[in-house]
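Two complexes follow with subunit A in common, the first pairing it with subunit B and the second with subunit C.
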Partner chain A sequence: MGAARLRVALPAVALALMLAVIFWQQPRVMSYFGLTLLLNYSMPVVFAAAAQMCIIAASDIDLGIGPFLSLVNCIAATLLDARPAVGVGALLLCVAGYVVMGALIHVRSLPSIVVTLGASFVWLGLALLLLPTPGGTVPAWLTDASSWRPSLVPLPILVGIVVAALGQFLLMRTSYGAVLRGVGSNPRAIERAGWSLLAARMTLYGAAGVLGVLGGLALAGLNTSGDATVGGQYTLTSIAAVIVGGAEFFGGIVVPVGAVVGAWIMLLTGSLLAFVNVSSGWQLSAQGGILILVLGLRRLARGPR
Partner chain B sequence: MATRLMGARGWLARQPWIWSYLAALIVWGAIVVVVHGHGAIPTLSVAVQVATFFVIVGIGQMLVITAGPGNIDLSIPGVMVLAGFMAMGTMNGSDADLAAGVLIGIAVGLATGIVNVVLIQVFTIPPMIGTLAVGFILQSLAIAYSGGHSQVPAPALARFTTLIVSDVPIMAVVFVAVTAVVATVLRRSVFGRSVLAVGQSPRAAYLAGLRVPGTLAGVYLISAMLSGLAGTLLSAYSGGASLDMGEVYLLMSIAVVVLGGTNIAGGQAAVAGLWGAATLLDLIVTMLDVMRVGAGLRYVVTGVIIIGVLAVAK
Partner chain C sequence: MPRESGPLIALGGIEKRFGAVRALAGVDLTIDAGHMLGIVGHNGAGKSTLMQILAGTLPADSGRIVIAGQDVSHGYDVRRAHALGIRCVFQELSLCPNLRVFENARVNHKSLRGPAWRRRARRLIRAALDDVFPDHGIDPDQPVESLSLSQRQMVEIARAFTVTEAPVRLVILDEPTSSLDATAAEQLMSYSGAARARGVSLVFISHRLGEVLTHVDDILVMRDGRVVAGGRADAYTEESLVESMGVVTADEEAPDAVRSRTMTGALRVEEPPDRPGGISFRVHAGEVVGLAGLDGHGQRDLLLRVFAAAQAWRHGVDNRPSRGPLGLAPFRKGKARSAGGTRGGPLPPAPSRKGRGGFVQVQGSVAFVSGDRQTEGVFPLWSVGENTTIALIRLIARLGFVSLGMEAKTARTWRDRLRIRTPSIAQPILGLSGGNQQKVLVARAFACDADIVLLADPLRGVDVGTKRELYAAVRRQTELGRCFVWYTTENAELVNCDRVYVFYQGGITDEIPHEALTEERVLRASFGQEAAAAR
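Up next is the complex of A and B:
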């Protein structure tokens, strides 16, 4: 637990510093509505990062989560509004697609990076088939849900806290959570203890599918329309968020709280530049710089290997 | 008879590059049928010409991936874009500055490669994140450098990239020769054997006295320099650089390597397969274009073929 705290301490400090700069430059952000506006678009990033974390827990990687969010976004803007039952069925099929992908990777022992790369083209293609040009209508209940203003805590912060707490409990505190992380750290031990590796990997991929659907729905609610290319950027952002948040690519080492913190960091780099009056052209540089800074500091803190 | 069949299967299993050529041939056959044989050969030569750009970055990505699990170069698109803009800026439409422009493009790659290696080896940042971060920074440098406006290439370089003599794309011929050199280096040189050995087991390679960090540094430097060259040539081919020209190369560089038969887990490379895979990916686009199928189905088919070839070749 001590090691896990250390892993999340660094990104937490980075996030606090970024928020401090933003509050110092623009104190009005430090309010219920200011924070809601600032963090609204963190919801799809948080869900995408949580989905990516489930895959990384298996020492796999998902290069398709971004286009998957696009696909869900397009389903929400077409089928879900016109024929709700068909739309819900399509979303369930999307989750089933992830479960099948996990099974395929396990049974044929295929590299996840290639299968999810192939899947990314499939998701993007299906999204374009549903909605060749941006548009469509998102059901009213979804836009209402995205603009819901709970008392006390702004919605995006509430979503982050709930995802982090649920992830932390399910993956780190339950016995089956330990089995799931075992897929990435010591699959042979898991198998010898009588657990099905196939079922565990399918569970992780299924969870990623559900979280991806939630991310796509959040995106649809915020944008109030569909766009087949809107999710592309979320693939790499989600991987970066999970790793900045303290996870490792290999060994089933993940930190659910860290993934949420990482998602907020990746989102805020963009806003930070606007608040200190730097052109948005440098946003990618800021994201790259923060990645290098946090990971470089983490390695330095641990000392030479 | 049975043993001969077994022998054939064993031989096939050792030639993972064959599948990409087979798939490319099938797709080309489908195109020939759809267009009733009209322009079958020119279709192929244009596909091979465009495939050359995939192959150039694919060589680098292949060497990086072959050096073992976790090794990947995601800075390729960023290098291509910045190298393209700076090379065009240097050439500015004049043949006199052609060589300087190409050198600037490759130098952008070399500088990037050095930064990648420092991040990966000195700061021990995972390659996927380190190269991704560097790629992000290069992309914003390209925005700052160009403001989105590109100068035009040297006319001679533009001609070289677009020249097709009796259905043979000249640029492709040059890079087929480069590919042959890479294959020979992998098979015969100390560096090449080191890349394969490090990819199979870094520890065993170290114990065998191979220079593991030097080998890893080498593949990242080569990949970045080839990306710089590819960005320069692609800009010349397109009449100028653009900010989004690198985007497809992020995932396609990996797809070309894996479809070509290289083991994504490292330690085994299939150099010849790069051409089959790159041509296949281009022919898929052509096929669905002549069938008047929209972009949506095109992506679905591409994805299914990537997963399908992988599942079959395994």
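Up next is the complex of A and C:
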């Protein structure tokens, strides 16, 4: 149990430090409005990270989650507004697409890295078909939802807490969640015990698809327009978020709370740099640097094997 | 438990092929309720395949399966087997290291769900562990990756005896004692008696013939996919079993031509005396030193430290005595490695000891053969030949390019010397049986020019015939000047050693020369001599 706590402790401390620096530089951020503004764009990242976490739980990786978010974004900016029924159908098809991807990876024993990379081009192509140039109209209910102001807690924080809590409960505390995580570490054992690996992968990929759709919708609501290329950055950010949050690439070791914390860390890098007057051109480098730093510290804490 | 009339399990004419390999060629088997059946045979005889078919994880190509009077030959799978009360503990561990012990218990029981499943799972596995292995010291909340190999095996065995909805009728134990320490193995054997009294049947597959004969009721001998002998266990002795397995003793091969470069590896290990017993021994060229004692009492750590020291020696690293984060022994600068030419000569004088540091002094190159081949030994995507020659890749390369001809020739030579059973060296290594894979790892260590070979229990789960072949191979290598540090959990293997050091809690409790070696002395030292005396 100690090891699991330690996994979340490190990123949590990093997050607290980053927030502390931000608040120190700009005390006005420490308000409802300030936090909302600061963390608004964390919502798509949180959903993308949660989706990535489901895939990483199976010891796979998803290189297409970013373009998938763009695709959902474009669907929201075109079909969902003009023809809602078709739009919803399209979103359901997107989730089904993820389920089929999971099934394909299992049935043909294909490496997920290759299949999801190929899928990323499929998502991008479909998005471009819908919206060759940025634009479109996002339905009002979606933009309203994205700018909803709950009374106590800023929306992005609420979303993060809900995603973390649900993830923690579903993956770490339910009986089937244990089986799902087992798929990532010893699939043969799970199969020998009579569970269907196909069903397990389809469940995990389906969950990732649903979370990806939510992320794309959040992105649409925040941007109030569609863009086929806007989601590209989310792929690597989501991977970094999950890993910084305490997960491992292999072995079915995931930390749902950590994925959300990692998403916030990744997002706040940009803000942190702005507040300490470093040009945002360094943002990507800073994100990479944080990833390396956290992994290095984690390795030190664990000691040599 | 109501007694079924007739045998509990009856298998008839079971056949199974894997491509061109005929794993089972018509096997008949009966198991009565409340009986323990021992199955013996050398590697590749088909024992594990047969048990996988019985447990439902592999479908048979043809044959009849009758369980408790029901013919289940069609559509027989793991779930059906589980519902009929068949449990299996495989040779390769079936635990998920990232999950906790009670979560692993859940994996095997679909009925452990709904609210409060965690409490029920914890209770279930704790009760089973207490039943089979009293004083086990395992917390159901521990993640399995924090458990030692022996503890993981204990969890897996205990899990096989857990009951939720379907009763347990038969438990198949495939090499259970090879990963257990002596106490746990004893506990398992005595628990098997209690289980049988309840009407539970057991299948016990093992290479430890003495153990098998002592505890089982009936015995079955397999060879090359067939049953070659069977009957009541008291009708057999170890020798008659080995005979019926058809193991041919190999003729002694001529030793290798004496090489122009004499190998004179030497090794000295000193640990501070404030640890119980401390560790202090030397190994010279041509010696076989054995490390004995219960599993997990520091033997493997020592081998790893020696290996690390050898790495440092090889790179000519200059290290001053210091204590690393885990109190690792510091290294000593030895002679820098020179290309070609002779190494050798006496070990440099011991460094003056400052503070609490101990040290490991190595002179010579070191090869490490692990018993944990899945994590430390085998390259799973490579062929047998590639796995054999990887350690000597520099020696078969010219101008940085590997000579494929030499690679193949070397691999074939060692395949023949160690009698590795494989149709060709291009065979993917995972297609070999476990024991033959282990042989490949040993071949790798012998084939590369190491002066010192560290063996970390490499012959676990390997059949008697193979073991004998490997003992002879070790003996031949010592004549060429190689020395061996051999950690084994099987006390019977220690007869191959010139000297045995018994470990207890990280320190050496006894040094036993070959002439004075008795199982009793080893066992006593394994539990710490202080423990033997009444406190």
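By definition in this document, the second predicted complex is superposed on the first by the 305 of 305 C-alpha atoms of A that agree within 3 Å, B and C clash if a C-alpha of one lies under 4 Å from a C-alpha of the other, contacts with A are read in each partner's own complex, and residues count from 1 in each chain.
As a working rule, a contact is a pair of C-beta atoms (placed from the backbone, for glycine too) under 8 Å apart; a residue touches a chain by one contact, two chains touch by 3 or more.
Computed from a predicted model, the values in this text were never measured in an experiment.
Peer 1: Considering only touches as defined above, state whether A:Ile239 meets subunit B (first), subunit C (second), both or neither.
Peer 2: First partner only.
Peer 1: Looking at A:Gly251, would you say it contacts subunit B, subunit C, both, or neither? Reply first, second, both or neither.
Peer 2: It touches subunit C, and subunit B stays clear.
Peer 1: Please name the chain, subunit B or subunit C, that touches the greater number of residues in subunit A.
Peer 2: Larger number of subunit A residues touched: B.
Peer 1: Check the residue A:Arg181 against both partner chains and state whether it touches subunit B (first), subunit C (second), both, or neither.
Peer 2: The second partner, subunit C, only.
Peer 1: Taking the superposition as given, does A:Ile292 touch the first partner, subunit B, the second, subunit C, both, or neither?
Peer 2: first
Peer 1: Which partner does A:Ala189 reach: the first (subunit B), the second (subunit C), both, or neither?
Peer 2: The answer is second: A:Ala189 touches subunit C but not subunit B.
Peer 1: Per the contact definition, I'd like the list of subunit C residues that touch subunit A in the complex.
Peer 2: 55, 57, 77-79, 82, 88, 90, 92-99, 103-104, 106-108, 110, 112-114, 117-118, 141, 143, 146, 325-326
Peer 1: Note which residues of subunit A are touching subunit B in the complex, please.
Peer 2: 61, 63, 104, 108-111, 113-115, 117-130, 132, 228, 236, 239-240, 243-244, 248-250, 281-285, 287-289, 291-292, 295-296, 299-300, 305
Peer 1: Can you name the residues of subunit B that touch subunit A in the complex?
Peer 2: 69-70, 74, 119, 123-126, 128-130, 132-137, 139-141, 143-144, 251, 254-255, 258, 264-265, 294-307, 310-311, 314
Peer 1: Can you check the complex and tell me which residues of subunit A touch subunit C?
Peer 2: Listed in rising order, the residues are 1, 3-4, 173-176, 178-179, 181-182, 184-186, 188-195, 251-253, 303-304.
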